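Per-chain numbering from 1; labels A, B, C, D and E assigned in written order.
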C-alpha cells in the first residue's frame, strides 16, 4: 500500500467535504423561502410542464454504452501489456508483445468495423438511410 | 483492537465476500425486476473477485490470484453488456422487465 | 533365409488367390501367373539349397507368436488353465527342409510347365492352375513349418487340393467317387495324426519340433503314460497312422489307384512327387519321437514291407498305364516306410527324393503318351517308340532308375535301404523276412516296369487308328521330361558309379550323406545300430542280391513281353486264382465296402437312428412339449395378470405422475430454477465443509 | 523517485526539518497537501477561470467583459460565488432528494481527485501513485454517473435528455482519450506520471508530442477528447442553451449549479494538466536540464521554476480551450458521436499501432534522437 | 499498516457490505443500482489494501465507469414507463430466497473459518513486500508469459459480446 494512496484518499475526502460544506453554508446564510406552486414546478421555459418527463425509448444511448464498455475493457487489458512494451523493445522481444497487442486490438477493431458497417454508430436513425442491409 | 486486525486479515476479506455472495444470491432470487437479478449476479462475481485477490495476497503472495480477478472483471463487463441487451430486447417484446413474465419456456 | 521361406509359400498362395478370383479374365486364363509364382519359389529355394551344398549345414528358425493366452490363475486353479500359454509358430530351415524345398519347387515348376501343354483346351483351365498353386503352397508350407499344428494345417490344405484335383473332371461319376474316397480315407489318417499331435502337446507341452527335439534329448516324457500305454508309443502309432493315411500305405492304400481319375499332371505332382512324400516326410521330421518309442519302428518296418510287396504284385496284372504307376508308387512308398522302420534314416529320405524325380518323370511321360494316343489302356498301345522318341527315351531312363539298375538314382537309394534292411534282419533274425520280402519286391518292380515299357513302346501297334494319330508332344511337355530324366541319373546323388562304396569307417562320401548325417546329429537320431562289421557285410551282400534280382526281373519281362517266348496268358491260366486275386486288388475295396461300411457302419447308423427316434424323440421332445404346454398356460395367466395390469399400466401411470410432478418444477421462472441450483450449491457446500 | 511517499508533504517536511513539525505523522502532511492543492489551486482556479473566460470572450467579441467588481472585475468570481451561495436551493417536487445530493459529490470528487497524481514539479507531487494515469482515467469516469443521476433526480424532461446525452458523450469520448494515452504508455513503459514526465527531459525523449509523428496526432486527439469529455464548447451539446435550456443542470439552482460549473472547470484544468504532463513534458524546461545547470540552485527555487513551467503550459492550454469556445460552432449530436466513433477512435488506434511500430523500428528513440543520432554518427543513442 | 489505514479498510469494508445490503433489499431498482456503484468503489479500496493497485483501477474504470453506466442506461430506458411502479416488491420467491441466503451463512462461515485458519497458519513470507510492490508491471509480465492464451481468448469473447449485444440492442428493423 503506497503512501501515495493516502494522499489520494485525503483528496477524495476533501473534495467530498466541499460539496456539503458549500451547500450547508448556503443553507445557513440564505433567507427562508416559501415554496410557491409555480416556483417548484419543473422548469419548461415558463410553460406548464405537461405529462411526466416521458422520454421516447431510444436504444442508441445503450449501443454507445456497449461499445464504450467493450473498448474500455480493451484499454484496461492492453495497458499492463503496453507498460512492458518499452522494456521488450530494449530487450529485443518487441515482436511478440507487438503481435499480442496488435491481435487484441485488431479483433476489437473488427467489432467496431462490424458496428460501423451495420450502421449502429449512426446516432440519428434515418428511416431510409439505415434500412438494415440484407 | 482485534476488529481492526480482523478486518485487515484474510478473515475480513472472506467475511465481506461471503456476505456479498449471500446478498447476491438473495437479490438474484427475490428480485422481480430483471435488472435486479443482474445486479445480484454482479455482486456474486465481485464476491469471487475479492476472494481471489485476498488469497493472492494472504495465501500465495503471487500475481495469479489477481490475474483471475482481472479476467473476471473483463468477462463480467462483456456479460453485463449482453445481459442488459437481452433485457432491453425483452423489454421491447413485452413492455416490462418483470422476471416472472419471462416464462415462455415453461412446461 | 527364413523370411525367403515365407515368400516361397506366399508366392503360390497369392497366385492361387489371383487365379481363383480373376483367373478367367487374364490372358491365357492366367496359367503364366501360377507358373511364374512357382518358378519364383524355385528361384528363392535354390540359394538355400546352394548354401547347403556350399557349407554342408543350414539351420535357421524364425518364431513369431500366433496366440498369447495369459494364464487365468486368479479364476481357476486347474493346472492347465492357469498356465500362461504362448503358441509360437514359425519356420524351421535345416538340411531336410533345404533339400525338400529344392525338390518340391523343382518338380512343381516342371509339372506346372508340363500341365500348360497337357491341360490346353480344358474347360476349367484356370481353376486347375488355381488348385495346383494352392497345393504347392500347402506342400511348401508343410515342408518349412516348425510347429506341428501349421504342418497339420498344410497337411489338410493338401488333402483338400487332392480332393479338388482328383475330382477335376467332376462330370465323370468315377472321378467324383474317387475324389470322395481319397478325401475320406486320408481323413481317417489325419484324425489319427491329430491325436498324435495332441499327445505330443500333452507330453511335451508344446507342438514345436525344435522344442520337441530338445525334449527328447533331455528324456522328457519317457515315463509319461496315457491310459496305461506309454505315451510316446501311443504318439508314435498315431503319427504312423497319419503317414499310412497320407502315403497310402497298407490298410489305407485304396484311394491312390482311384486317384488316377484326375488329370495326369495332378497324379504326377500329388500322387508321385509331393503329397504322398509328405507322409514319409512327417516320419522323418518326427523320427526322434519314433526312436524314443522303441516299439513303433518294427511295426512301421513290417507295414512298409507288406505294402511294398502287395502293391508290386497288383501292379503285375494291371493293364491301365497310370494304375501300374500308381501301384508302383505305393510299393516305392512302402520301401521308404520300410527304410524308416529299419532305421535307415538317410537312405529312406534319399529314396523319397529320388523317387519323386523319376516317378514324376514316369507319370509325365505316361501323360504325354495318353495325351497323344488318347487312351490309358496299355493293350491298345504298342510300338510307340518310333512315334514318340523323346518320351520313350525319358521314360526308359526313369524305368531303369526305378528298377534299380546301377548307375541310376533309384539303385543308389533302394540298394542302401535293402542293405540296411538286411543288416537289420541280421541283427534281428526274427525280422529276417522283411529284407527277403524287400528283395522280392525289387525284382517284381523291375519286372512290371519293363512290362509297361515293352507293352507301350515295343512290339507292333495293336490299334492302328490310335497308332496313326500318335505324335510327339510339344516342347512344353517334353522339356520337363528331359530335366526329370536327367535327375534320375545316380551322378546327381552319390558319386559317378552310384555304387555305394562304403569306406572303412562308414564315412559318407557324398554331399547328400554329409547333409543327412549333420541332420541326424542335430535331431539326435541314432539310426541303425547294427555293428559296423555286420553292416559292411550286409551292404556288400545286398548289392549283389539286388543286382541279381533286378536283372532277373528285366530278363523275364523281356522274355514274356518283348520276345513273347513265355506267354503271359499261359501264366495267367496257370496261376488263375492268384491272378484274379491280384486283379481285384486283394478285394480290399470290396472288403471295405462290404465289410467295413455295410457290415460295420451301416448297422451302427441304423442302430443310432432307432435310438434317436425312440429315446430322443419320444421321451425328450414329446415330453418337453407336454411340459411346455403346461408351462404356457401358467405363463399366460401370469402374463396378463401381473405383466399387463401391474407392469405396463402401472409404470405408465407412475411415469405420467412423475411427469406431472416434474412439470410443476418447470415453471419457466428463472428464479425458480436458480433456487434449485442454490439449494444444490448449499448441499455441496455443506458436504465440502463438514 | 527517491521516496514515493506523499512527496509534497515530504518536501514540506524537508523545509521544516529542524522545527517541531518533523514529529508530525505522514498522513497529516497528506491531509495538509490535499487541503492546499484543492483549496488553494483547484477551486480558486475554478472561480478565476469563470472570470478569465468571460474576459477572453468579451475580448474576442470586442467588448469589455466584467469590470465592475474590483479592479478590472477581478473579484467578479467572488461576487458570483456569494450570489450563488445565497440563492435558494430546492429540490424539484418529483425528484428524490437523496440522489439530488449525491450527484454533485460524485462530479466534484471526479474532477478534484485527479490532482493527486499530477506532478507540479520534480518532487512537488501530492502522491505519485504507481498507476497514476490509470487512476486519473478511473476517477474521471465517476463524473458520468454523477451527471446521469443528477439529471434523473431533477425530474425534468430536458434535464434527463441532457443528462443522457452528456453521459453518452462523456462515456464515448473517454475511449479516444484512453486510446491516445496508450501510445505514451508504450513510450514511457510505466503508468506513473512522474516517470513519464521525467523521461521527457531535453537529453531524453524531449516532449512526447515530438517523440514520433503518431504521438503528435494523438496529442491533438487527447486534447479534443478532453474537451468533449468536459462538455466544453464545440461539444457542449448537453447544456446547449438553444435546445435543452441548460441541459442536465436545468433544475440546479444556487450553489448546486455553482458546484457543477466549478466541477466542470476543474475537470478542464485536470484534462489540460494531464495533456501537458503526458505530451508537453509537464514541468520539464525545454532545452536545458536544471540539474546540470552550471550553478546548483536551491531545491526550493528549482521546485518553483518547475511549477511555474507546468502551470504556464496548463494555462496556455486552458486559454486555447476558452478561445475555442467562442470560435467553433456547436456540433450536432450525430456529428458529435460520428466524429468520436468514426473519426477519433480509428485514428487513435492507428496511432497506437504507429507508435508501436516506430518504437520497434527505432528501438524506442524519438524523432529528435534519431536525427541527432544520424548527425553525430549515432552518438546520442537512447 | 498504521492504525489509520486499518480504519480506512474497515470503513471500506463496511461501505461495501452496507451498500450491497441496500442493493439486495431496496425495492427501488435505481437506488440499488447507485448503491451497487458505491459497493464497487468500496471493493476497489479493498483491492488497494490487498496490494492489487492496478486491479483497483480496473475495477473503478470497468465497473464504475462502464457497468454502472450500462445499468443506469438500462434502468432509465426501461423504468421510465414504470416511474410510478418502480417498487420491486411482492416477488413470490422472497421466502425461499431468504431461507436459502440465510441457510448458506452457517456453511459459508464454517468453511471460511477453516480456510482462514489454514491461511493464517502459514502466511507467505513475502506477503508484506508483495502487497506493497506495484502490480502493473507484474500483471503485464504475467499477461505476456503464462496468460497469453486467456488474454487472446478474452478478445474473442469481447468481440462476440460486442457483436451480440449490438445486434440485440439494434432498434427494430
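Annotations
Keep in mind that, in the parts below, contacts are C-beta pairs under 8 Å (C-beta built on N, C-alpha and C of every residue); 3 or more make two chains touch, one makes a residue touch a chain.
Quick caveat, the model's predicted, so the values are computed rather than measured.
Any chain that touches chain C and also touches chain D is listed here: E. Touching chain B and chain D at once are the following chains: A, E. The pair with more inter-chain C-beta contacts, choosing from A-B and A-D, is A-D. Centroids built from CA atoms put chain E at 28 Å from chain D. Measuring from the averaged C-alpha position of chain B to that of chain C gives a distance of 87 Å. Chain E has its Cα centroid 18 Å from the Cα centroid of chain A.
Between chain C and chain E, the centres computed from C-alpha atoms are 90 Å apart. Residues of chain D in contact with two or more other chains: 27, 129-130, 134-135, 160, 164, 167, 171, 174, 190-191. Residue positions 1, 4, 49, 51, 53-54, 57-58, 61-62, 65-67, 69-70, 73-74, 76-78, 81, 91, 93, 96-97, 100, 104, 108, 131, 134, 136-137, 139, 143, 154, 158, 161-162, 165-166, 169 of chain E are each in touch with at least two other chains. Within chain C, residues 669, 671, 675, 678 each touch two or more of the remaining chains. The set of touching chain pairs reads A-B, A-D, A-E, B-C, B-E, C-E, D-E, using the touch definition from the header. Every residue of chain E that touches chain A in the complex is listed here, in rising order: 1, 4-5, 8, 48-49, 51, 53-54, 57-58, 61-62, 65-67, 69-70, 73-74, 76-78, 80-81, 83, 131-132, 134, 136-137, 139-141, 143-144, 148, 151-152, 154-156, 158-159, 161-163, 165-167, 169-171, 173. The touching residues of chain E, counted against chain C in their complex, run 91, 93, 96-97, 100, 103-104, 107-108, 110-111, 114. Those residues of chain A lying in contact with chain E across their complex are 1-2, 5-6, 9, 52, 54-55, 57-63, 65-70, 72-77, 79-84, 88, 96-97, 100, 103-104, 107-108, 110-111, 114-115, 118, 120, 125, 131-132. Every residue of chain E that touches chain B in the complex is listed here, in rising order: 1, 3, 6-7, 9-10, 13, 16-17, 20-21, 23-24, 29, 32-33, 36, 39-40, 43, 46-47, 49-52, 54-55, 58-59, 62-63, 66-67, 70-71, 73-75, 77-78, 81, 88-94, 96-98, 100-102, 104-105, 108-109, 112-113, 115-116, 119-120, 123-127, 130-131, 135, 138-139, 142-143, 147, 150, 154, 157-158, 160-162, 164-166, 168-169, 172. Chain C meets chain B in the complex at residues 663, 666-671, 674-675, 678.
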